[in-house]
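A, B, C and D label the chains in the order they appear, each numbered from 1.
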Amino acid sequence: MDIWSFITNPFVSIYELIRGGLSGLLTSVGVPDEIVRLIVFLVMGGIVVTVLLIVAPVMMMYMTWLERKLVARMQDRIGPNRAGPFGLLVPIADMIKFLTKEDIVPEGVDGPVHFLAPIVVVIPVILSFAVIQFGVGMGAVDLNLALLYLMAMGSVATIGVFMAGFGSHNKFALIGGMRAAAQIISYEIPQILAVAVIVLLAGSISLTGIIKAQSGLFGLGWFIFYLPVGPIAFFIFLLAATAEINRVPFDLPEAESELVAGYHTEYSGMKFGLFYLAEFLNTFLISAVGASLFFGGWQGPFVQQVPVLGIVYFFAKTIVLIGVQLWFRGTLPRLRVDQLMNFGWKRLVPATLALILFTASFLWAYRLFNQFLTGLGG
Amino acid sequence: MITTIPLVYYLTISAALFCLGLFGALARRNAIAVLMGIELMLNAVNINLVAFWRYGSPDPIGDQSGIVFALFVITLAAAEAAVGLALVIAIYRSRDTVNVEEIDLLKW
Amino acid sequence: MLLVEQFTLLIPLFPLLAFAIIVLFTRNNNRLSSWVALIGIIAALAVSLGVFFEALAEGPELAQNPFYSAPIVWYPFGTATLNFGWLVDPIGSVMLFMVPTVCLMIFIYSTSYMKHSHVDEHGHHVSEDDPRYARFFAYISLFAAAMLLLVISSNLLQFFIAWEIMGFCSYALIGFWSFRGLKEHHIDDAQVGRARAAGIKAFLTTRVGDVLLMTGIIFLFITVGNLDFTQMFNPEGLNNMLLGEPPIGALQWPTLIALLIFGGTIGKSAQFPLHVWLPDAMEGPTPVSALIHAATMVSAGIFLVIRMFPLFVFDAQSGGFSMQVVAVVGAFTAIFAATMGLAQSDIKRVLAFSTISQLGYMLAALGIGAFVAGSFHLITHAFFKALLFLAAGAVLHATGTNDMFKMGGLWRKMPITFITFMIGALSLMGIFPFAGFWSKDEILLESLREGWFHGGAVALAQFVYILLAIAAFLTALYTGRQIFLTFFGKPRDEHAYEHAHESPASMWVPLAILATFTTFLGLWNAPFISAFFHFVGEGGLVGLAQPFEHAPFDDLANISVYVSLAIALSGFLTAYFIYGFRPVAAGQADPLARLGIIWRVLANKYWLDELYGYKINLDGTAQPGLLLRFVGALSRASYWFDRNIVDGLVNLAGWIGRMLARVNGWIDRNIVDGLVNTTGSVTGEIAGWWRLMQTGNVQNYALLAAAGAMAFAILFLLRSFT
Amino acid sequence: MDVIGIISQLVFFLIAALTLAAGLATVLLRNVFHAGLALVGTFFGVAALYLMLEAEFLAVVQILIYIGAIAVLILFAIMLTRSLMKNEDSNINKQWAWVATVIVILFVGLFILILQVPWQHSGTAVYTDLVPHLGTALLTTYLLPFEIVSVLLLAALIGAFIIARE
């Protein structure tokens, strides 16, 4: 391994070094091959998971900071500015607060359900991170069913929301939970259909495949540029995904003016912190997925030569998309329940169906045209 | 990996799950619990279909009929759940109960 | 190499797209809608011409290696697959040249024709669009799309789908004025009634043929196992039909199927006895008549016979008589319709009967095996008949009436229309050198040669020749009558004459273009050139390997030319002596009416409408024909019979029964009841005990079912293990 | 048997035990909501079994449809009909003893049957992307059932809507 490739691709290089060293060590000690592979698999998996589990909460903490800053600017305020420079230590203070606050369990709650709900909400999100491709060759797993897997994980979170709403023994929580569940299953459909458009374009349901399909045009052949399908699909995806994770303007399940705090009304301390974590990780997740599907993920100029640029591109795109969602939050009012359901079922679903039909027929015509061109050449 | 677990294991689990589901469907009072029992039975059947595909088919890649049938079963289960639960809710609205024993308009 | 052929499927797609766009988006904007339709048909024409020229470049070899691809898997079931695609052979490519060209002319013409002028409350002449202008263009676009789809169909089922779409379009367009909005001044209630009845009549009459056709297709699929034109006629498939029991007596399968398919043609191409719808179809707007008569609907029927020609040939070779039937029906219809055409006063109806008659020519030609002559007449007829209809439309648009006895002397007012109409009429009569002359003469020549000079006498061809020759005379006669009544003599209705004016450019330019085609198209297959024959006939046909025999340009041909020219001229001269020499004055009856009873027979169209059709009166009312009335009367009679006699018998039986029942009742109450009550109470006791099984609890039932199933399973297992 | 084999058997037994335990909880738990959650657990276990059988696509579909749709629907129905099931004396009906007898016999019979039949393992280890083949099979060989199932789904959609609306 020469120094240039180490500099241009440091993370993967370090990973490869550790793996090579470990397996070499074990083989030289005389451990059978099969066991070596098993141990290396477990150890390297552990390392990747640990890195992910550290990066994700840190990311989330600074997203809360970003949200406060941005929303404050939109509301003509300064935002956090006391703890540390530009208030950069506020998230840390927040975390300490969450960890040290008393965990109140109200009377009459359904004990195990109430206890497990925040965990069930957080786990699918973290599991989803397994398939995200953070850079060139930097995904925990390169699953060939990655998109389907992401959708499946997104739908599992509903169970957690249900548990929180039902287990709290509180009518606000119950209504919030039911609203959340109805909203999630309603908006799951346009989301999956919008993603299906991209699947049609890329001809793959693996995230790597989709990102690779956008490598044209000097790393800028992103699906968002596929007019007119790309922007429309992206718009629908963004709306549906925002609704699916219950953020403004679709934050009815936790509408503070109607339902106190929705399904997590009865949570405090670190359990509330987990809900909070899940919400921000979800925001990060859908931004990352959106960036991968529509903006080429880690694709960009010179990424083939300098792979580490991929991480920069990926995070830049993701943060811009997060910014867009925060912008929603800063500017848009909340919808009513009937408006929400009507919009989902009567506007988004038909629109996405039409879009799929259009894309498919367009691709068909394009293929025919290509055949024609081939005929010309022959 | 596949060779280390005999087919019999899967069939046994499937049989056990099927029996549990049958018990749920036949012995629970709550109509929704009855539907849950039926879902368990369908799942058991699916395990069988997939296991037979995996172990029994001479060409598991080219001939995925086990998977296809499992997919159809899942689809039918979804339709069944939707209609079944709609019926339960309709009954609940008109008779204020979801206890299967009280829903006996056909009684002698 | 440029392969325009790859884009054949786009041809019907363009007008279809135009239809969709008009219906979905631009229906509120008349001008835009007409442009959409025009662009659609122009695009179709462009691609069609590309395909046509490519086909010309391929030459006669194209017949055995047609442009063919069936990439669209419509439905795979079992081992058979229905694939849709395109098939362009020589005659198909010529149709691809003819159909969109004529359609384009009609479309351009319609943009002006569908405007109506009337006098508003201030006394000004106002010209405004028909209230259903956009809809009209949507319909004719769909019509053109269906016809183009039919022409390029690779599969009989695809063909049938297009065929049925056309059926619907004809219904919608013939009945186009079947209701009337508040502001519609140009139509009256009588016309609304006629349009309504005519639309239904056209639809239902053609339906009879369509059902026969569908039955034929089903039988064909059963016996041959394939509906693809390229694979249907392979020898094994055809020979399959001869295996097994013949369906009805001596009628073998190929004959039956060919006749059923020909039934479709009879309906669609208005052959006797299903021709009754076509004259009434004149209630639609004139461009529609032109579309139906020239480019689309009736041509589709002939084209069906052309496509299925190998089947007819096979039937003839295996001893069937389907081709004879085609020839006899065609020849008979040719003369039969021509006689009726003599006695019509409506300018469009004369043309309608001439269409029926000319279609008869084509079928007679196909029936005696003169494939190329029949096909060529189909093409030329499309051009000159479209021309005639559009010119007639210009006349009635200008005069506001379609009664020829209210016209007269119009040549001064409408010179261009007159000249173009004359060209079309001369072509129809078969006067040298117009297109109709060449194609019609060829049919006569072929039948003449077949009948007497081709190795012995063939009675069928002789019959055909005589009938067609008489029909040619009659054709010239009624066409001459039409010309003299319409354009010559003194105006018989001053108001209509005053109102008349030359049409705008968008109406006469299409006329001029069509007239050009009519003048020169015939040379394509003139005996000394025969280019059309080389292209279409020399390679045989898809599914028919042997080429058609090319008749030499010999003495017989020369004589035949003079004979047919003489027949036509004599007919025209007869017309001149009756109508032109001493013009019919206003209010005077038709000179031919002196024929008396024969005239009345002809003018009333042999009373066929009254016999089995549906008579549509001028005032918009309609009466069912005798057959329909007979069926109606029959059902009324059976109703009466049922009410009075059957019911009476039943009532009598009832009364007797009641009397007996009284006696019985006593016995019953006193003796039987005792027994029954005993039985009943015993049963009741038992049942009261048994019914407890019906708990109404679904889980009980399910448990019993599960236990029962299990018991059976255990029984089965025990048996299999021991 | 090698180490990997032992480990995979251990994993299998773990999954099997969890699946059956969750299934048992589904049919026995008194609180219907808890039973519903146990049902979710069973679904997860079955998905894991699919993974053991190398049917990844089906595993993901199992999670997406069974957990994401069917289980959520069931939990919804439980919430909508919740209030009446509070003070119920028993969650098991009167015929439970009969049912138990029947299922025990059934299970024993099935188990004997499973052991008796000489199963033939013809499957070889195949790790390839099965999904393209599956998609092709669905749209060619199984096109007719596929279309019928889609019509059935539409019918169920409309039917459920008509039945459940007020």
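Here is the rule we go by: a contact is a pair of C-beta atoms (placed from the backbone, for glycine too) under 8 Å apart; a residue touches a chain by one contact, two chains touch by 3 or more.
The shown structure was predicted, so the numbers you read here are calculated from the model rather than taken from an experiment.
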Worksheet entry | Topological distance between subunit A and subunit B, in contact steps | 2
Discussion item. Taking each chain's centre as the mean of its C-alpha atoms, which one lies nearest the mean of all protein C-alpha atoms here?
Written reply: C
Practice prompt. With contacts defined as at the top, give the pair, A-D or B-C, that has more of them.
Written response: A-D
Response to the item:
Averaging C-alpha coordinates per chain, one finds the centres of subunit A and subunit D separated by a number of Å equal to 28
Worksheet item: How big is the gap, in whole Å, between where the Cα atoms of subunit B centre and where those of subunit C centre?
Response: 57
Practice prompt. Report the inter-chain centroid distance for subunit C and subunit D in whole angstrom, where each centroid is the mean of the CA atoms.
Written response: 59
Response to the item:
Among subunit B residues, those touching two or more other chains are 22, 26-27, 100-101
Item to complete: Note the residues in subunit C that touch 2 or more other chains, in rising order.
Response: 699, 703, 706
Worksheet entry | Overall pattern in which the protein chains touch one another (line/ring/star/complete/other) | other
Worksheet item: Which chains are in touch, pair by pair?
Response: A-C, A-D, B-C, B-D, C-D
Worksheet item: Okay, in this complex, where on subunit C does subunit B touch?
Response: 691-692, 694-699, 702-703, 706
Worksheet item: How about subunit B: which of its residues touch subunit D in the complex?
Response: 1-13, 15-24, 26-30, 32-33, 35-37, 39-40, 43, 46-47, 50-51, 53-58, 60-65, 67-68, 70-72, 74-83, 85-90, 92-93, 96-101
Discussion item. With touch defined as at the start, can you tell me which subunit D residues reach subunit C in the complex?
Written reply: 93, 95, 98-99, 102, 105-106, 109, 113, 116, 140, 143-144
Worksheet item: Given the complex with subunit A, which residues does subunit C contribute to the contact?
Response: 1-3, 6-7
Worksheet item: Along subunit A, where are the residues that touch subunit C in the complex?
Response: 368, 371-372, 375-376
